[in-house]
Amino acid sequence: MNKLQLKGLIPPMITPLLDNDVLDVEGAKKLTEHMIAGGVDALFVLGTTGEAQSLTYRLRYEYVELICSTVAGRVPVIVGITDSSFDESIRLAHHAKKCGAVGCVAAAPYYFPATQKELIDYYTALADACPLPLFLYNMPSKVKVFLNVSTVLTLSKHPNIAGVKDSSGNAGYFASLLHHFKDNPEFSVYMGPEEVTAPAILMGADGGVNGGANLFPELFSAMTKAAAAGDLAKVQELNDKIQFMSATLYGLCDSDASFMKALKLALELHGICSGNLAWPYRRCDEKETAAVKAALAELDARNYR
Amino acid sequence: MNKLQLKGLIPPMITPLLDNDVLDVEGAKKLTEHMIAGGVDALFVLGTTGEAQSLTYRLRYEYVELICSTVAGRVPVIVGITDSSFDESIRLAHHAKKCGAVGCVAAAPYYFPATQKELIDYYTALADACPLPLFLYNMPSKVKVFLNVSTVLTLSKHPNIAGVKDSSGNAGYFASLLHHFKDNPEFSVYMGPEEVTAPAILMGADGGVNGGANLFPELFSAMTKAAAAGDLAKVQELNDKIQFMSATLYGLCDSDASFMKALKLALELHGICSGNLAWPYRRCDEKETAAVKAALAELDARNYR
Amino acid sequence: MNKLQLKGLIPPMITPLLDNDVLDVEGAKKLTEHMIAGGVDALFVLGTTGEAQSLTYRLRYEYVELICSTVAGRVPVIVGITDSSFDESIRLAHHAKKCGAVGCVAAAPYYFPATQKELIDYYTALADACPLPLFLYNMPSKVKVFLNVSTVLTLSKHPNIAGVKDSSGNAGYFASLLHHFKDNPEFSVYMGPEEVTAPAILMGADGGVNGGANLFPELFSAMTKAAAAGDLAKVQELNDKIQFMSATLYGLCDSDASFMKALKLALELHGICSGNLAWPYRRCDEKETAAVKAALAELDARNYR
Amino acid sequence: MNKLQLKGLIPPMITPLLDNDVLDVEGAKKLTEHMIAGGVDALFVLGTTGEAQSLTYRLRYEYVELICSTVAGRVPVIVGITDSSFDESIRLAHHAKKCGAVGCVAAAPYYFPATQKELIDYYTALADACPLPLFLYNMPSKVKVFLNVSTVLTLSKHPNIAGVKDSSGNAGYFASLLHHFKDNPEFSVYMGPEEVTAPAILMGADGGVNGGANLFPELFSAMTKAAAAGDLAKVQELNDKIQFMSATLYGLCDSDASFMKALKLALELHGICSGNLAWPYRRCDEKETAAVKAALAELDARNYR
């Protein structure tokens, strides 16, 4: 039996919200069409960029169902089941399967820090109980613990664990993952941060999980393809476009929410969906809105979109 | 209108579990009686020691209802509503009120780190919507953010915010809280870690939220009373007993769970309730069990209980 | 053979500077007289408050010599030999002995982080080679590593290691130290941060190493004595004075230097010595100077000095 | 006036030691010849890999003189002047110039943490006073502070600051540096960790400062050249060799010294120089020595050298 293998651009979808517990259904549909038209290879619902942990369970369930039915099989959908409660993760995984998702993604439990030994036991139990293939998700800035290379190696042997997404931004760690899995095509390795996905794919990564692709899916799709093809000149050109976009658009404020606030407002200003965020974050204030407008104007002038 | 004022020993109850999503109902009742008989001044359900974040919502609701009905008004009950989702916190607060709890406790959202400004906005909205008086809970080792003194000062002016529990273990921070609130009897300041509660109360704290009181409520109740009375000799004697207990019983392993694993197993060995833990933690293994038994024997020999 | 035992108030002297590598000799003499007149029990030269690591070796040697000769045996002098180079530490210790100091103090090497095992080997070799009794100094915010309780216990058995000063501010750690050494009068335990020294001594600490005593030695001396005598009411009164001073004077800016900048400028404004700091820090700018003046005026109005 | 521009492989030399304060002079000469023969483009003396901070000033001066005279102009030599004391940095820089070095490298002061504003002031003063061109060195794991991108941008305008070496391992940070300096050939950007230098140069970095090149200079020189030439297939092959070496040789123990202990012992086993380390680290013990021998045997079998 082969493990699930996804390649290319798998963006983490933002979750459009009319209010803290009210989904922006029309926005979510428009966003889905925008991203599919832009060439994404798969969609990842309820990740960090999707503010999953800030949402009620009710809304999370609703959103998974909506995206799966909107996508209707055009691209694979994977669903974040990261939770501090094991049973809630598994319950959500069953819902995801019922809706038609093809895989699940789980970062470590994020209230109680676990040792590497505890993480191995936890993920083994989670993968045993998960009705869909499971991707590991290394996200230390949010969950406080790191999935060590040796932990990932151990877990990669589990028949229901299909890969790892790394959002640590730790260059040496990612290089070590690529080295250890380069001869194992069944275990996929994905890069999270969009600013460093190009070199990651050049060096062997299977794909990128880039939030900016909510806004500019074509740009990210082109970069991903060029990197997979080893077209270094093209990669440098497109990567530089992404760096410029990141430097221009995301540095709104000191909050960790800066990236998400800018991204969501940019989507609103592009007429796609609401720019609201869920607690503990709030949508851009007036000053931040002006900054995002100025950034988008600068990007427009350089033919982004 | 006066704010809710609780004083003395307010232990964070462990959550007895037959399985990951199955409450140990009989154990929970026995534990409640054990603690009330031991002289606790109030009970705090669904805190960190209660492993709240590892439990399903269903079980959390069941546990709040069970404890409130078992206590039946003999001591005040407060309920932890800490959550990464604002709406889930408020929903649980309404349930707590319906069950008869008198207050709620909330640490900061623990997936997305918030700035101090975002924390002020968040807690203000939470306190506005919370149907019971709210206590702030500073727990940086779990939630990654610190409730700065200036943030607590700002939030203390909210009519529905009644106090702060600090589990940071940061001595200077706590001293600063005591200094700023010493002339404000309406805003309570509690110490979390049991090893440092005695000097905290000596210097003016309103009480202690000590996990060890699940096991030895009389010891902690006596220490709390001696400290509140300024009986320095008695405090030193009882505090030393607590230090010895902590050094003997809690240092099982390198996991953050060490304290909870030992505490829960000791309760099981004392015939009170199950020693199981919820994922990502597991009950003591064989070697750890032997260590806990040896520790309890040593404590028994010194007349603990 | 008994170990060196110092008790009470042992302030870490600031290092008065006319320029980055020029000692303020007259200021240093005045400061020494001010502190001895204020009732200090010993003096600690070249600690963190003394900016030792920012000074050239030449100036460090000059300062040790100057203070020892100025003190002329009126109180014991101990000297910080903390260094990233082992041999430089030992060389400075020999100089300190020659000048008449009675003990040395060493935090861990502060460039390369050492494991607990490496720290034990390092301190053992340092104590073997040190010509004066050695005090351990736990200062994790500057040196990145923590001297664990078990490490201190192991090292306390060395005949030339006489005690430990803790500046971590970690309340549970300090309580554990006090517990483990309460029956060992030969091994001294000192508290660093002045805001938490009063409860530390109440609970059994041997003394305080408080920077604020450069400015207000009488206040700190009185607090130290009241705490050692178990006079709880007096302790609370004096401690509150110290808290107020700290809250009023030290919160100048976001830099870690805030405390030292305010302290040194206050000494300058009191006519004692220069307010200059060594690189990477600078003396107060105009705005900060105004804030320090305002703070001192408020303290004067409340009869500080 | 153009700034100093160095490109390619600039290894940080280890410092061979017969004892803690005794240079292994013959070993240092052999090592120099080994590295020059292996094709290094420049040499960096007294960096982190050189254990500079653990050495006495006397030995640091001796080593700079020895390497400069041994190299005798065959490749440029740059010297680490990182120090917690500003004046000691400048004094060492003058010595380096006198010996014939062409540039200096400075990480931030590493005892007192500085704010970004303080770092800008500090580095500006340092560059003003430094008699040789200065390279910034971002090394947060050792010095606790990060040289933010905006700080580097500000400092890059100083006529005597010629580039930055990043050893943070933070992928996004490095990508941002490359983006901001891609059109500024006068300001060089170097990667520290050898496991991630290949993609760094592919994406535009000017060179690598790789410790492993003490042992295998030809391998690193070939990788550096292939990456600079954009030869992706060759880069992947050589990079994989480096990853394998790193995974096989460096993971001796939990200490931060693991890399340096293995590297120095491997050099000793190759007959080049002593495997001793300076305090707080020690050379490999018996078990670690066996592990290094086994690793070298495995590398030999794969034609490393």
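Each chain carries a letter (A, B, C and D) given by its place in the written order, and its residues are counted from 1.
The working rule: a contact is a pair of C-beta atoms (placed from the backbone, for glycine too) under 8 Å apart; a residue touches a chain by one contact, two chains touch by 3 or more.
Note that the structure is a prediction, hence the values are computed from the model and not measured.
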item	value
Interface sides of chain A and chain D: same vs different residues, half threshold	same
Whole-Å gap separating chain C and chain D, where each centre is the average of the chain's CA atoms	35
Between chain A and chain C, centroid-to-centroid distance (C-alpha), Å	49
Multi-partner residues of chain C (each touching 2 or more other chains)	none
Topology of the chain contact graph, where touching chains are joined (line, ring, star, complete, other)	ring
Interface residues, chain D side, partner chain C - complex	20-21, 48, 51, 53-57, 84-88, 91, 108-115, 118-119, 121-122, 125, 141-144, 254-257, 278-282
Complex contact set, residues of chain A against chain D	169-172, 174-176, 178-180, 182, 193, 195-196, 198-200, 202-204, 230, 232, 236, 239-240, 243-244, 246-247
